[in-house]
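Each of the next two complexes has chain A plus one other chain: chain B in the first, chain C in the second.
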Partner chain A sequence: MKTPFLRDLHRYKTLLLMLLPALLFVLLFQYTPMLGLVLAFKEYTYAKGILGSDWAGIDNFRFFFISGDVWRVTRNTVLYNAAFIVINLVLQVGIAVMLSEIRSRWFKKISQSLMFLPFFISWVVVGTIAYNLLNYEHGTVNTLFGAAGIDPVNFYSTPGVWPFLLVFFNAWKAVGYGAVFYLAAIMSIDQEMFEAAETDGANAFQRIWYITIPCLKPTMMILTLLAVGQIFRGDFGLFFNMVGGNGLLFSATDVIDTFVYRSLVENNEIGMSAAIDFYQSVLCFVTILLVNGIVRRTDKDSALF
Partner chain B sequence: MNANNKKIRMDQLVLAVVSYSWVTLVAVICVLPFLLILGGSFTKESEIVLEGFKLIPKQFSLDAYRFIFEYPEDIIRAYGLTVSLTAIGTSLSLFFISMSGYVIQRTDFKWRNIFSFIFYFTTLFSGGLVPLYILVVNYLKLNNTFWVLLLLPMINVFYILVMKSFMRSIPAAITESAKIDGAGDFTIFIRLILPLCKPALATIGLFVALAYWNDWYYSLLFISDQKLYPLQYYLYKIIGNVDALKIVAEKSGNKVPDLPGEGLKMALTMVVTGPIIFLYPFIQRYFVKGLTIGAVKG
Partner chain C sequence: MKGRIKLNNAAWLSVMLLLMLSLLASACSDNGNRSAIVAPSDSGMSEPYAGGPPGTIDTSEPVTLKMVLLGPKPSDTDEVYAEVNKILKEKINATIELRFLDWNEFNQKYPLLFAANEDFDLIFTGSWAFYQPTARKDGFLELTEDLIKTYAPTTWAKQDPLGWEQARVDGKLYMVPHDHFDSGYNMAIVRGDLREKYNLPEVKSQADFVNYLSTVAKNEKGMTAFGGPSTNLNGLALPILFTDLERLFVHGGVPLVYDMRSEHPKLSNYLEDPQYIEKLNLLYDMARQGIWPKDAIVAKTDWLAAFKEGQTAAHSGNLLTMTGAMDAIMLAHPEWKPEIVDLAPDAKRYRFPLIGNGIGIHATSKHPELALMALDLLRYDKELFDLTTYGIQGKHWEPVGDDKYRSLPGSTGYPPDGACPWGWRTPELYRQLEGPAGEMIQSYYAKWKADTIVDIKLATFVLDDTNIKNELAALANVQNTYLLPIYHGLVKPEEGIPVALEKLKQAGIDKVQAEMQKQIDAYVQNNP
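Our next item is the complex of A and B:
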């Protein structure tokens, strides 16, 4: 006598086998680390392993919270991401609207291609580009400053300029890619609406403000929500390759992810880095649930789940 | 009537001028840094040191490139590694992603919702860096292996969900009638479903390939053996580390002071990015197409 479960198992054996590789991957590299978050409450030693190590209570959290690092890196992460979200939204929507107004096809094609280029390169290369531009001795920006009679600026020891630089490079890498979504949304707008507006005597700007932008609202909502859900995750690639180990700039550039990386890999403080990691994972999860909950209540179609 | 016509033309003119000039400005800003790097890579070292990086060098020089190709073993090894990672990784990734996407959208598969949720949940919650690091280094002992570079970027759950929703648009009747004819699930998937998924496979494949090609993060975390540096990480090491440059110089028999250091960094960047810059005009339209299929809401 077979139980129904075994019968199903037999019936679905091919499908289950087909699912297996991806499933194993997810269980090993996604779910096991979730359980591994228990490290935050352990005094980890290599010999005893994760489960065998002694419990540490909340000791791992203590230093991170007392030193004030928690406030500094959380603030930086949230403020940078907020700036990225707003600037990218405005820039990408703006570019998409303008591209849709351009009649010359080759101009549209070429400019779109050029704007897409930064998306294809790695953050390492972006780091080189920043070095080429900003380097104190031979950087292009300082060369131009010199030609204009302005004193050269040592960007790599001036924390105050970095919020602007990081926002700039983030926007630079994302503009062409992000604009694609909005441009596609604009293309799917019913042309009759524009024609009707024209007959009613709307000028070009009114047409954009009263038709194009409202039609883009759902796309803006979804992309913004996805980004807001990740507001406690810093873009490690950006911060690490632009700033690296340059401690002079940390006050203005350190985000949770770079802090965790340094504590873990460079300082080998496993307990503390696990605690920060735990703190970040929980914050992220709560944010996603919260954002989605709010959206569900106001506009059910835009909710992610 | 006439005045009205004129008014419309005026605002369209203003809009056109603003659009063309702003788009041009942004497009130029997007390419200019690449041209600066290109210029820098062809500039004589003494000129960079004295006058800084410029768009067009006064003295054209091939020193930096000559330097790289005088002792090309490292860069060729890194190229070989990255190319094989990208080729093997992308093929396996596409195979696994499409296979699991197919299974979790089959309406006659009773457990599809449970498995979909298992995948979906990982987009909401993640263990983060520290447990993954401990797992790979202390338990699986995969650091400093080819496998860690191949495995970690392989499955992106987001693409499974995209694949799932793409396959929903394929009529379920295809699977059903093939089942009646006695075909097995795997055969149906390979022979009937996969060929219909070409557009989705092309787009996801490009994203995965780009992720492999541009990966430096997993090498940063898990690779310390120089022989296992992929391209991007090799570049990262050279850029951030003058000592690494000196090692290159000594190997190639040059005296360290003659080293075209700044130019070399730029030339190496060009060598590493070259294939992407040449290929991207041809492949970007697939990206655009795929993005607009509706990849936003998985």
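Our next item is the complex of A and C:
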């Protein structure tokens, strides 16, 4: 009588009910707001609301393209995110593996907590810390340089050093948090495999290389794919608080989000900001489809969908 | 056990569903309300609000009016407004509930209050505080002549008509502007003790000022001479050095200026003007001499506070801020001998438009008539005006005669003019600070009113940016990217200006200039 679907529904009802809150959350906060994308094509007014406002065609996109910096900011956004993804991945996995090999409980706890801590510091504070470290007259770094007889470096007018600085601060903040995921994944690896390897005479490096890393691969894949899905979105907090309004550095530090902020902060055009969000969303969507497609071809089990 | 889990799941589910439904429902009803109330004003009818017949508003039900103000909330605000509400309750059976938007959240949250249609009745606004953009997006209730005459009759009778003219956006009124003379921008304050230490003459001109700063920069190690230009560019990044050129902007996001004395203003790009280039070269020199920190462009320092603490040797800004700093220093460090100076005493100054401060009424306010009545009282009831502007008499301030006041030590809990009463400032009730600072304000105002103030031709001109929104956004970006570093002396003007000009051209400055000039020409023709 019952169709397989209804039967499954009945059989897994507890599990499905547990899934429901998450599903509703996604529906409410991810899918419903998507309707707001129409704003990108509207001339928004408060009184007429989202649906009632007049259509503006693609006029909201124009400001982004006439300034001639689209390529630069898009490129910067992608390259920075790519660097963040790769470097954070390597550091996070490395640290998780090292922590898992440490036997001393208290050392492990303390170092993990210390690395986790920067995650809780807001970018506003990090920006101020960076300024106090790097500024020309009284910065810690330049004072140390002075004491060591090295010429001070004017960081805030040298675009070339900023990719490194930004990657560094981003890693400093993100690595401890990300390492927790991998540490959890390592904990769930079957301990018998390690014991068997040890009996067969594998040393620590061989154990890591042949057991830990391959077992972490699915986690790495998923987290990386999720990050790639955001590759056209610059971390506004990071770039804005570290670089601020310093036009000298923009060639190396300007991302889509800071560019849009600078253009629109004075004129409060909701349609225009929605337009750029639309641009980013479409690019992200295409990228994730592409990358996921490639992953599915090579290793079906690791793909997201 | 199993049964309990099931029940919990079911409970969870129903809670989530309820939550979702209620959110959806509230979103729908919200939209419904909004369009129902605002629709009439959209169609441009002369009576946008269907209130009761004139003057017969029913005040038998007590009403709470919600008002949004800007800036940090002074600690004694609730105490002061408790007194305010006693009076309001008696007069119009209403009370005011305040909400403050602090400066760090103001830019983001102000538009959101309207976009989310939050529940409030009155809100501070001004030409620098989203007045035009919000009005254009129908965020404020349109104030018709009838509405104001009926519910704020004193305001209608006493307000300088110039204010109404300036407040019109596409011919309609959306705010009640304040009504107080204001023109104090571009003043400097320096330290008399340092000036005497190096035997420098009194600072009377820009050259003296620059000389003073470079002497300090050279000799006072460990002290920053000056905070430098601003960290984002809207208009000029260091206006005090440009006062003598007597030019004004139509829009701060574009480097187009016009002569403030002109009867038929013509816009020109200041980057092509030798006088401006000379100033930018001067700024480059000042930066070379280390007058401001090399990375001032990213500094997060509060330079006014730094000056008050003796970390810098000079500051610039508007007259009221400078006198405030002088007052504070005279109390804490009289030996610094602070001196307020006008670096271009012969230059003309323009009268600030009255729409710099004002109060708007939210388009979806449920009690707009009552809000106007309350505003009328705040503006012209002496007791209410004194309370909201200066605080509680005897605790925060005490009167000196009828038009002056003295601050009391308690005023830290409610600084004079500190809780954003600027939107209802009126000339008859506004008191002057007693003492040297107050006298200085008086004497400057008197001098300016006598022979410096010009009423500009474009005083009531409002730019319609419909056709150039995209260009304005792109230009604001170019300005901050390529022009601001020149102000800070990080790029040599002769190298930086051609690049900036090229980028501005690319972003459509010619189109913007043509459009602005067209609107100015039309305006001049209609207002001979």
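To be clear about the criterion, the second predicted complex is superposed on the first by the 209 of 305 C-alpha atoms of A that agree within 3 Å, B and C clash if a C-alpha of one lies under 4 Å from a C-alpha of the other, contacts with A are read in each partner's own complex, and residues count from 1 in each chain.
To be clear about the criterion, contacts are C-beta pairs under 8 Å (C-beta built on N, C-alpha and C of every residue); 3 or more make two chains touch, one makes a residue touch a chain.
Keep in mind it's a predicted model, so treat the numbers as computed, not measured.
Visitor: Pick one for A:Leu264: touches chain B only (first), chain C only (second), both, or neither.
Guide: Both: A:Leu264 reaches chain B and chain C.
Visitor: Could you look at A:Ile121 and tell me whether it touches chain B, chain C, both or neither (first, second, both, neither)?
Guide: In the superposition, A:Ile121 contacts chain B only.
Visitor: Considering only touches as defined above, state whether A:Ile222 meets chain B (first), chain C (second), both or neither.
Guide: The first partner, chain B, only.
Visitor: After lining up the shared chain so the two structures overlap, which partner does A:Thr14 touch, if you call chain B first and chain C second: first, second, both or neither?
Guide: Touch status of A:Thr14: both partners.
Visitor: Just chain B (first), just chain C (second), both, or neither: which does A:Phe236 touch?
Guide: first
Visitor: Is A:Thr199 touching the first partner chain B, the second partner chain C, both, or neither of them?
Guide: A:Thr199 sits against neither chain B nor chain C.
Visitor: Once the structures are superposed on A, label A:Tyr44 by its partner contacts, choosing first (chain B), second (chain C), both or neither.
Guide: After superposing on A, A:Tyr44 lies in contact with both chain B and chain C.
Visitor: Taking the superposition as given, does A:Glu137 touch the first partner, chain B, the second, chain C, both, or neither?
Guide: both
Visitor: See if chain A has more residues touched by chain B or by chain C, and give me that chain.
Guide: B
Visitor: May I ask you to decide whether A:Ala22 touches chain B, chain C, both, or neither, giving the answer as first, second, both or neither?
Guide: Touch partner of A:Ala22: chain B, not chain C.
Visitor: Both chain B and chain C contact which residues of chain A?
Guide: On chain A, the overlap between the chain B and chain C contacts is residues 14, 17-18, 21, 28, 44, 46, 49, 127-128, 131, 135, 137, 244, 264-265, 270.
Visitor: Which positions of chain A touch chain C when the two form their complex?
Guide: Per the stated touch rule, the residues are 14, 17-18, 20-21, 24, 27-28, 44-49, 51-52, 59-60, 62-64, 66-69, 127-128, 131, 135-137, 154-157, 243-248, 250, 254, 259, 262-270, 272.
Visitor: Please output the residues of chain A touching chain B within their complex, sorted ascending.
Guide: 8, 12, 14-19, 21-23, 25-26, 28-37, 39, 44, 46, 49-50, 91, 94-95, 98-99, 101-103, 107, 110-111, 113-118, 120-125, 127-129, 131-133, 135, 137-140, 142-143, 146, 172, 175-177, 180-181, 184, 198, 201, 203-205, 208, 219, 222-223, 226, 236-237, 240-241, 244, 257, 260-261, 264-265, 270, 273-274, 277-278, 280-281, 284-285, 288-289, 304-305
Visitor: Could you list, by residue number, the parts of chain B that touch chain A in their complex?
Guide: The contact residues of chain B facing chain A are 4, 7-8, 11-12, 14-16, 18-20, 22-24, 26-31, 33-34, 36-37, 40, 48-49, 51-54, 96-97, 99-100, 102-104, 106, 109-111, 115, 118-120, 122, 124-135, 138-139, 151-152, 154-155, 157, 160, 184-186, 189, 210, 213-217, 220-221, 232-233, 235-236, 239-240, 262, 265-266, 269, 272-273, 276-277, 280-281, 284, 287-288, 291-292, 296-297.
Visitor: Okay, in this complex, where on chain C does chain A touch?
Guide: 5-6, 9-10, 12-13, 16-17, 20, 23, 31, 34-35, 38, 41-42, 107, 111, 114-115, 117, 130, 133-134, 136-139, 231-234, 252-253, 293-295, 297-300, 363, 465, 469-474, 476-478, 480-485, 490-491, 503, 506-508
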